[in-house]
Amino acid sequence: MLDEFGSSMLELVLPICFIVVAISIVILVYRVIVGPTNPDRAVALDSIGINMMALVGLQAINLGTDKLNDVVLLIGILLFIGTIAIAKFLEKGVIIDRYNR
Amino acid sequence: MIDIIVSVLLLLGAFFTLSGSLGILRFPDVYSRLHAATKAATLGVAGILLGAFVYLFVDVGIVSGKLLLGIFFVLITAPISGHMISRAAYNSGVELWHQTKKDHLKNELK
Amino acid sequence: MAIQIIFNVLIALMWMFLQETYTFLSFFTGYLIGIVLLFFLRRFVPDIYYMTRLYRTVKMCLLFLRELVLSSISIVKLAYKPTLDIEPGIFALPIELKSNWEIALLANLISLTPGTLSVAVADDNSKIYIHAMDLPDVESSINEIKETFEKAIMEVTR
Amino acid sequence: MNNLIVLPIILPLVASVIVAFFPKKLNIARKFSQITSVLLTAVAAYLAWYVFTNETVVMQSGGWDAPFGISIVGDSLSMLLVLTSSIVGTAAIFYAPSALEEQQEKFYFYTFYFLLISGVSGAFMTGDLFNLFVFFEVLLMASYGLIVLGNGKIQLRESFKYVLFNLFSSMLFVTSVAFIYAITGTVNLAHLAERVGEIEEQGILTTVAIVLFFVFAVKAAIFPLYYWLPNSYVVPNPVVSALFGALLTKVGIYSILRVFTLIFVHDTGVTHQIFIWLAMLTMLFGVIGALSTNNVKLIITYNIIPAIGFMLMGVGLFTETAIAGSVYYLMHDMVIKGALFFFIGALIVAAGTKDLTKMTGVIQKYPLLGWLFFIASLVLAGVPPFSGFIGKLLLLQGGLDQEEFLLVIVALVSSLLILFSMMRIFIRGFWGELMEGISDNRKRVRNLTIPGLVLLSISVYLGIAAESVYPHIEAIANMLLDRTEYISTVLKE
Amino acid sequence: MIYAVFAPLLFAVLIPFLSRWKDRVHTGWLILPVPLAIFIYFLQFVGPNFEPQSMSVDWIPSLNISLSFYLDGLSLLFSLLISGIGMLVVLYSIYYLNHKEQLGHFYTYLYIFMSAMLGVVLSDNVYVLYTFWEMTSISSFLLIGYWHYRERSRYGALKSMLITVFGGFSLLGGLILLNIVTGTTSIREMVAQSEVILDSPYFPLILVFLLLGAFTKSAQFPFHIWLPDAMEAPTPVSAYLHSATMVKAGIYLIARFSPIFAGEPNFFVVVSLFGIVTLAWASYMAVRQTDLKGILAYSTISQLGMIMAMLGFGTDVALFAAVFHILNHATFKGSLFMIAGIVDHETGTRDIRKLGGLFTLMPISGTLAIFGTFSMAGVPLPFLNGFYSKEMFFEATLLNQAAGPFGQFLVAAIPVLAVVGSIFTFVYSMYLFFGTFRGKYREEELPQKPHEAPKMMLLPPFLLVLGVILIGLIPEVFNQSLITHAADAVFGEEINKSIYFWHGLVPAFYMSLAVVVLGVALYLTKHKWEGVYSILPGKLSFNRIYDWLVEKIESTSNRITTSYMTGSLRLYMVLLLTAIFVITSGVLVQTGGINLEVTDVAPITVTEVIVALFIAFAAIATIFTHNRIAVILTVGVVGYGLSILFVLYRAPDLALTQLIVETVTVALFMLCFYHLPNLSKTKAPLFQKGINVAISVGFGLLMMVVGISAYNSRAFDPISDFFIENSYPLGGGDNMVNVILVDFRGIDTLFEVAVLFGAALAVYAMIKLRRNKGAK
Amino acid sequence: MEIIMTVLASILFATGIYNLLQKQLLRIVIGTVLVSHGAHLFLLTMSQLKRGAPPLVVDGVTQYTDPLPQALILTAIVISFGVTSFLLVLAYRTYTLNKTDNMEELRGSEHE
C-alpha cells in the first residue's frame, strides 16, 4: 500500500523534478548570456554543470539504469577542471591586460 | 516506502537546485551569487543524486559507487570552485555591490 | 594510516577469496571484519588507529553537512525574499593553520557555511578574506568560524 | 584477395604513422616515403589488374556482411582511381624534396601525404556513405596539415577559408546522411541503391540527393561552390597544389559519379538536368577565371574547374558513352593536373616569379620544361592524340547523342579558352627574349621537371594507346549504368 | 602508305639529334631525302589508269578509330603537293636559314607538319583526320612563332592558333555528329550515306560545324585575318604551309565531303557566298599591302576564296576547275613566296615601297617572278597555267541554278564579284612584279646590297615555275594522269573535261578580257584611288575585332572574376549558401517533396522542450553577445545542453563524449581567443545584416522542411535490429554503440583516430614551425 | 518530439550560419561549432527518438533505441572535435600573424 503510493508518487515527482531542474538550467543560461561580468558567467556555467548532474541522476531513475553514472561522474570532474581553468584564466588574462595598459 | 524517501530526496534536491538558480538570478553581484551556487545548488544536486543512489540500490539492486563518488566530488569541489571564481572575480576587478559595507581586502591590496 | 587501509583492504579481499563471492557485499563484509580485526590489533600497528581518525573526519564531515544545509536554507530564504535587505562585505579572518592544504580545507569549509565565502588568502597565509552575505558584526563572524571549523580541522590533522 | 583489397588504404595509414616517428631524419624519411610509395603503386597496380581481369572484390570489414559492416569495394572504377592517385602521389613524393624547404618536409609533409593517400583511396573504395564521410575527413585533415605547412601569413589566411568551406560541407554531409537514414534506414551504398529503387515517394528523396550533391559539389569545386578553391590551391607549395589539384577535387567528382549512378537515378530528369546546367556554368566560369589573371599558378589552378565541369557533364548526360568519357577524363585529369602543377612549380623556380608579365623566354634556358609544358597544355585542352582528347571525344559524343547542343558548344568553347589560357603562359612566359634574373639552378629545375615528365608520358600513353585502356573504361561505364552487379556483389545476393 | 605518312614524324623525332652537327652539315641536307622519297612513292600512282588504294591499321578499335588511309585522286594530288613542295621548301630553306638558327626546331616542326598534312589528306577515319588536322594547326603555330623573340611572331602565332583551333574544335563537333548520324567513322562510308546525312535533323548543324572548321583553316572571310600575320614565319614556311598546303586543308575537307553536299541549296549558298566574298575582299585588300608577303598572303586568301566558291557551285566544271586551281595555285604561289623570300634575304626588306628596279641585279629571280605573277593574274598566255583555271572559273560562275530569292541574287552576283576580284588580283599581281623588279632602284632605302641568290636557292622556285609552264603547255597530260582523278573524287562520279587554251568567244572570254583591260587601267591609276582604303575597311577591320575580342576576353574575365573572387569569406559563403538554398528549394518544390504530415513521433515531454528551448536561446544569444568570453561560454552551454539531450534520448556514450569534447573545446577557445580583441558590435550596414538574417533563416527553414519531410517519409525499418540482436552474441559486448564502433564499423573508428592524429600533428606543426621561423 | 528537435537543429544551423557570415574569426569558428551541433542533432533525430532503452544490453529488454546513429554521431563528434581544435589554433595563428581577427581585412588578392 505504502509502496504503491510511493511508486505512484515517484512517478509524479520525477517529471516535476525534471521540469524544475530544467527551468533552473534555463535561469542559469540567462545568467550566462547576460553576465554582466565574466565571473558571473563562470558561476552560472558551473551551476549549469551541477544541475546537469542532477538531471542525469533523474534520468538514471527514469530509465532505471546505472549506465549513466559515468556521465554524472564525468560531469563532476570536467566541471571542476573547467571551472578552475576558467577562473585561472579570468584572473591571469586580466593581469596581462593590466600590463598592456 | 523507499520510493517515498526517494521522492522526498528528489523534491528537496530539486527545490534547492531551483533556489540556487534563483539566487544566482536575483543576487546583486557575483560574490553573492557565488553563495547561492556553492551552497544551494550543491546541496540540491547532492539530494537528487542521493535519491538516485537509493532508488537504484533498492529498486534495481545496483550499488552505484560512482554516484556516491559523484556526490562526494561535488561536495568537495563546489567550494573550491567558488573560491577560485571569487578570487578571480576580485582580482580581475569585478566590483562589489554598491550596498556592500566593508571591504578589508581592498585595504590590503592598497 | 595508509598502511592500515591497505591491510584492511587486503583483509577484505581475502575474505572475498574465502567466500568465493566477488560482490560488493562480500567485500563490504570483509572490510567490516577487517576493521574489527584492526581494532583489536591496533597496538601492534604503527600510528593511531585509523578508525579514530576516520571517526573524527566523519564527525567533521557531518558538521559541514549540517552547516551546508543550514547555509543553503539561509540562502534559499534570501533567494525567495522579495527585497534584498542585506549588507554584504568582505572581512579578514586571522588563522592559525599553517600548511597549505589545511588552509585550503578551511577556506572551502568557510565557503560552505552560512553566509560566508572565502575570496582570497593573504600572501603570508595569515589571513583568509571572506565575503559574507550579511555582515552586521565582523567579530562574531570571526569567532564563530574559529570555534567550529578551525578546531575541527585541527582535530583531524593534529 | 578479399582482405588484400584494403591494402591501398591501410598501408599508407601505417606508413603515415611510421614516418611521423622520424620527421627530422630527412634522408630516411625521403627514402622510406619513396620506397613505400612505389611499393604502394605496385600493390595498387596488382590489385587493379586483378579486379580488371577477374571481378569486383569486396571486403566486408570485420567479417560483417553488408549492409551491417562497412564494405570496402574494389570495383574497376575504384581500383582505376586508386592506381591513378598512387601514381600521381608517387610522382609528388619524388618532386617534394626539390620543391619543399627542409623545414616543411620536417613538419610532417610525408605523414600528411600518406594520410592523404589513405583517405583518398578510402574514399574511392568505401561502400558505405558514412564511411565516405570519414575518409573525406581523413583526406581533408591531411590536406589541412599540408596547406598550413607554409605557415606564412597568406597561407594561414587562405587555409582558414579552405578549412571553413570544407568543414561546412562536411557538416552538410552528416546532415544529409541523417536525412537519407531517415528515409531509407541504411548507410551502405549498395543497400541504399536497392532501397531507393523500391521507394515510391521520391520527391523528398530527390531533394535530399541534391543536398548530398552539394556536399560533393563543394569538394569537387562545381559552380557556384568553388570560390574557396583558387586561392587555397594557389597559395601552398606546388607539390601540395599538385596533390590537391590532382586528387582532392577528384574525390568529390568521383563521389558524385558513384552516388548518382548507383543510388539516385530515380529522377534523372531533375537531378541530372541540374548537373548539365551546372556543368556548363562550371566550365565557363572556371575558364574565365583562368583567363583573368597573370599569376601562372593561379591559371593552372583555375583550370581545375572547367575539367570538373567536363566530368560533371558526363554524369549529367548519363549515357554509357558520356559516363565512359567522365571516367576517362577523371583519370586523365588526375595525371595531367599533377604534371601541370609540377611544371608550374618548376617554372616559378626557374623564373623566380609567378607573374606572367615579369617572365619571358624561359624556354631558351629550360627547353625541356618549355616543351613539356607545351605538350601538357595541348593534353589539357583535349588536343588529339593525347589523353584529354579521348575523354573529350566521348563526352562530346554523349552530348551530341543526347542533343545537348548548347552543352557541347560550351564545352568546345571552353576547350578553346583553356588552350588560350595555357598558350598565354607558353607565349608570354616561355617565348620571347630571355629574361634577366632567370634561375641558374638547372639541377633543381630538372629535378622539378622529371616527375612531371613521367606523368606526362603516362598521359600521352593514355591517349595514343587508348586501346589498352578504353575497353576497361567502357566496362566501367557499363557497370556504373547497370547497377545490379555492384549491388549483388556487395550484398551477396 | 602509312610509312609515307609517319616517316616525316619519325624523322621529326630524330631531327633534334641530327641538328647537333648543324655547324658541319646543314640539317636540311640530312633530311631532304625524306620528302623526296615520299614524292617518288606517290609519283608512281600517277597515270591515266589510277586506281584508288586503301589500307588500314587498328589504332583504337573500340572507339572505331583506326589508322585507315585511302588514296584517291584528290589525296594523290594533295600528297604530291605536300611531298613535292615540301622537298623544294627544304631545299630552299637550306639557303634561307643559316646554321646559326635553331635548325633542329625548324625542321622538327616542319616535318611534324608534313606528316600531319599527309595524314589529313590520306585519312579515311574522321577522328584520325581530326587528329592530323590539329597537328597541322599546332605545327603551324610553332612555325609562325619560330622567331619567338619577335613580338609580331608571337602575336601571329597565337592568332593563328586561336582561330584555327577554334575551327578545329568546331570541326570535331561536326565530325562527331556525322559519326552519330551515319554510325560510321569512315569518310568513304559516310559519303555513301549521303541521303542519311541530308535527311538528318542535324544536317544544318553539321554543315555549320564543318564549314567553320574549313573556313577558319582556309582563311575564308572573315576568318582570314590570321593568315597575313602568319607571314611572320620564315618564308619557306609561308610558301609551304600558308600558301601551298595547310591552308588548303579546309578546301580539301570541303572537297572531300563535296559528294555529300553538292547540290544542297544551303551548302551552295553558304560556301559560294563566303568563297566569292573572300575572293573579292582579299584581292581588294591585297592591293593595299606594302609588305611583299602581305600581298602574297591576301592573294592566297583570295585564291582560296575562289577555290572555295567553286566547291560551293558544285557543278562538274566548277569542281574540276577547283581541283585544277589547287595545283596551279600551289605552283605559282609557291614560287612567288620563294622569290619574295629571296628578295627579302638579299635586300633585307620586304617593303615594296622601298624596293624597285631589282631586275637588273637579280635577273633570274625577276624572270621567275614574271611567270609567277602573270600566271596569278590570269594573263591569257598559253604557258601560264593560271589562265586556264581562271578561265574555267569564269565559266563556272555562270550558274543557272537558283533556290530561293537569295540564291537567285547570289547567282547574279557571283560573276560580278568574280570579275571584281579578278581585276584586283590582276592589279596586285602587276604591282607585285613591277613594284619589286621594275621602277626606280633606291639603294639608300635598302638595308643591304642585293645580289642574285645562289643557284641552289633559285632551284626550288625554278622548278615550280617550270611546273607553271609545263601545266600551261601540256595541260592534258596533267589532266589525264592526275587532275581528272582528283576531280572525279570530288564530284563523286566521273568528270570528262579537257583543258583547252582557246574556248572560243564564250562569256568567260569576255570576262577575262574585262579583267585584263580594267586591271591594267586600275593598276596604272592606282595612286589616284588608293584613298578608298581609309573608308573601307577603315575601322571595320576584322583585325581590330579580333584584337578587341582577345583583349576583351582577358579583361572581361578579369573583371568578372575579380568581381566575385574578392577574397571575402562572407561573400563566398553568401553565394554558396544562396546557391544551395535556391536550387535545393527549387527541387523540393518541383518534386513535391514537402511532407509535413506528422506521423509516428515520440511523445513530447516538458523537460525536453525546456532543454530544447534553452539550447535555442543560447544559440540565438551567441549572435547578440559581444563579450568574447560570454560567447564562448554560451556556446559551451549549447554543447552541454546537447549532452543533456543525449542523456534524455538514451545515448549515454554520446553524452559522455560530448561532455569531454565540449569542455576541451571551450578550454581551447579560451586559450586561443582570450587575447583576441573583444567582439565589436557589428557595424555592418543594415542591408548586409538583412542578407545575413535572410540567408541564415532561409537555410534553417530549408533544413527544417527537408528534415521534417524526410522524417515523415520513412520507408524502411532501419538496419539496426541486426545490431541490437547481435551485439552481444556476435560482438561480445553489451554496449551496442561500442560494439558497432569497434567491431561492426571498426574502420570508421580507426580513421576517426587517424583524423585526430592528423589534427594533432597539424596543430603541432603550426605552432612549432612558427618558433623555428621566429628563431631565424 | 522529433519535430521539435528538427526545429532545434534547424535553429542551430541558422544561428551557426549567421555567425559564419560575420567578420570576426571567433564568431566564424563558433558558427562552425553550432552548425556541427545541428548536424549531429539531425542525425540523432532522424533515427527516431526514445524508442526503447539505451543501447546497452540488459536481460529482458527487447526494445532499444537505434544504436547505429549513435555510433555515427560519436564518430562525427570526435571528428568535428579534431577539426575544430585545428581550426581554433589556425584561427589563433592567423590572427597573430596577420594582426587582425577581421575576415574582411583578410581578403587578400595577393598570393605571395
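Order of writing sets the chain letters: A, B, C, D, E and F. Residues in each chain are counted from 1.
As a convention for this text, a residue touches a chain if its C-beta (ideal position, glycine included) is under 8 Å from a C-beta of that chain, and two chains touch if they have at least 3 such contacts.
Nothing here was measured: the structure is a model prediction, and the numbers come from that model.
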Kindly list the shared contact partners of chain A and chain E, in label order. F
Furthest chain, CA centroid comparison against chain C: E
Compute per-chain Cα centres, compare each with the mean of all protein Cα atoms, and return the closest chain. D
With centres defined as the mean C-alpha position, give me the chain D-chain F separation in Å. 27
In whole angstrom, how far does the Cα centroid of chain E sit from the Cα centroid of chain F? 49
Based only on mean CA positions, could you tell me how far chain C sits from chain E in angstrom? 89
Whole-Å distance, C-alpha centre of chain B to that of chain F, is 31
Two-or-more-chain contact residues of chain F, please, as numbers and ranges. 13, 20, 25, 28, 38, 40, 42, 45-47, 53-54, 56, 58, 68, 72, 75, 79-80, 82-84, 86, 90-91, 93, 97, 106, 108
Find every residue in chain E that makes contact with two or more other chains and list them. 562, 565, 567, 569, 573, 605, 648, 650, 652, 703, 707, 710-711, 718-720, 723, 744-745, 748, 752, 755, 758-759, 762, 766, 770
Could you check chain A for residues that touch two or more other chains and list them? 21, 23, 25, 30, 38, 42, 63, 65, 67, 70, 86, 89-90, 93
Complete list of chain pairs which touch one another: A-B, A-E, A-F, B-C, D-E, D-F, E-F
Chain B contacts chain C in the complex at 15-16, 19-20, 22-23, 26-29, 31-32, 34-36, 38-40, 42-43, 63, 65, 75-76, 78-80, 82-83, 86-87, 90-91, 96-97, 99-106, 108
Show which residues of chain A lie in contact with chain E when the two form their complex. 15, 18-19, 21-23, 25-26, 29-30, 32-33, 35, 38, 41-42, 45, 48-49, 52, 55-56, 59, 63, 67-68, 70-71, 74-75, 78, 81-82, 85-86, 89-90, 93, 96
The chain C residues in contact with chain B across the complex are 24, 64, 68-69, 71-72, 75-76, 78-80, 84, 86-92, 104, 107-112, 114-115, 117-120, 122, 127, 129, 131, 133, 135, 138
Residues of chain F touching chain D in their complex? 13, 20, 25, 28, 32, 35-36, 38-40, 42-43, 45-47, 68-69, 72, 75-76, 79-80, 82-84, 86-87, 90-91, 93-94, 97-98, 106, 108, 110-112
Residues on chain F engaged by chain E in the complex (per definition of touch): 1-30, 33-34, 37-38, 40-42, 44-58, 64-68, 70-75, 77-86, 88-93, 95, 97, 101, 103-104, 106-109
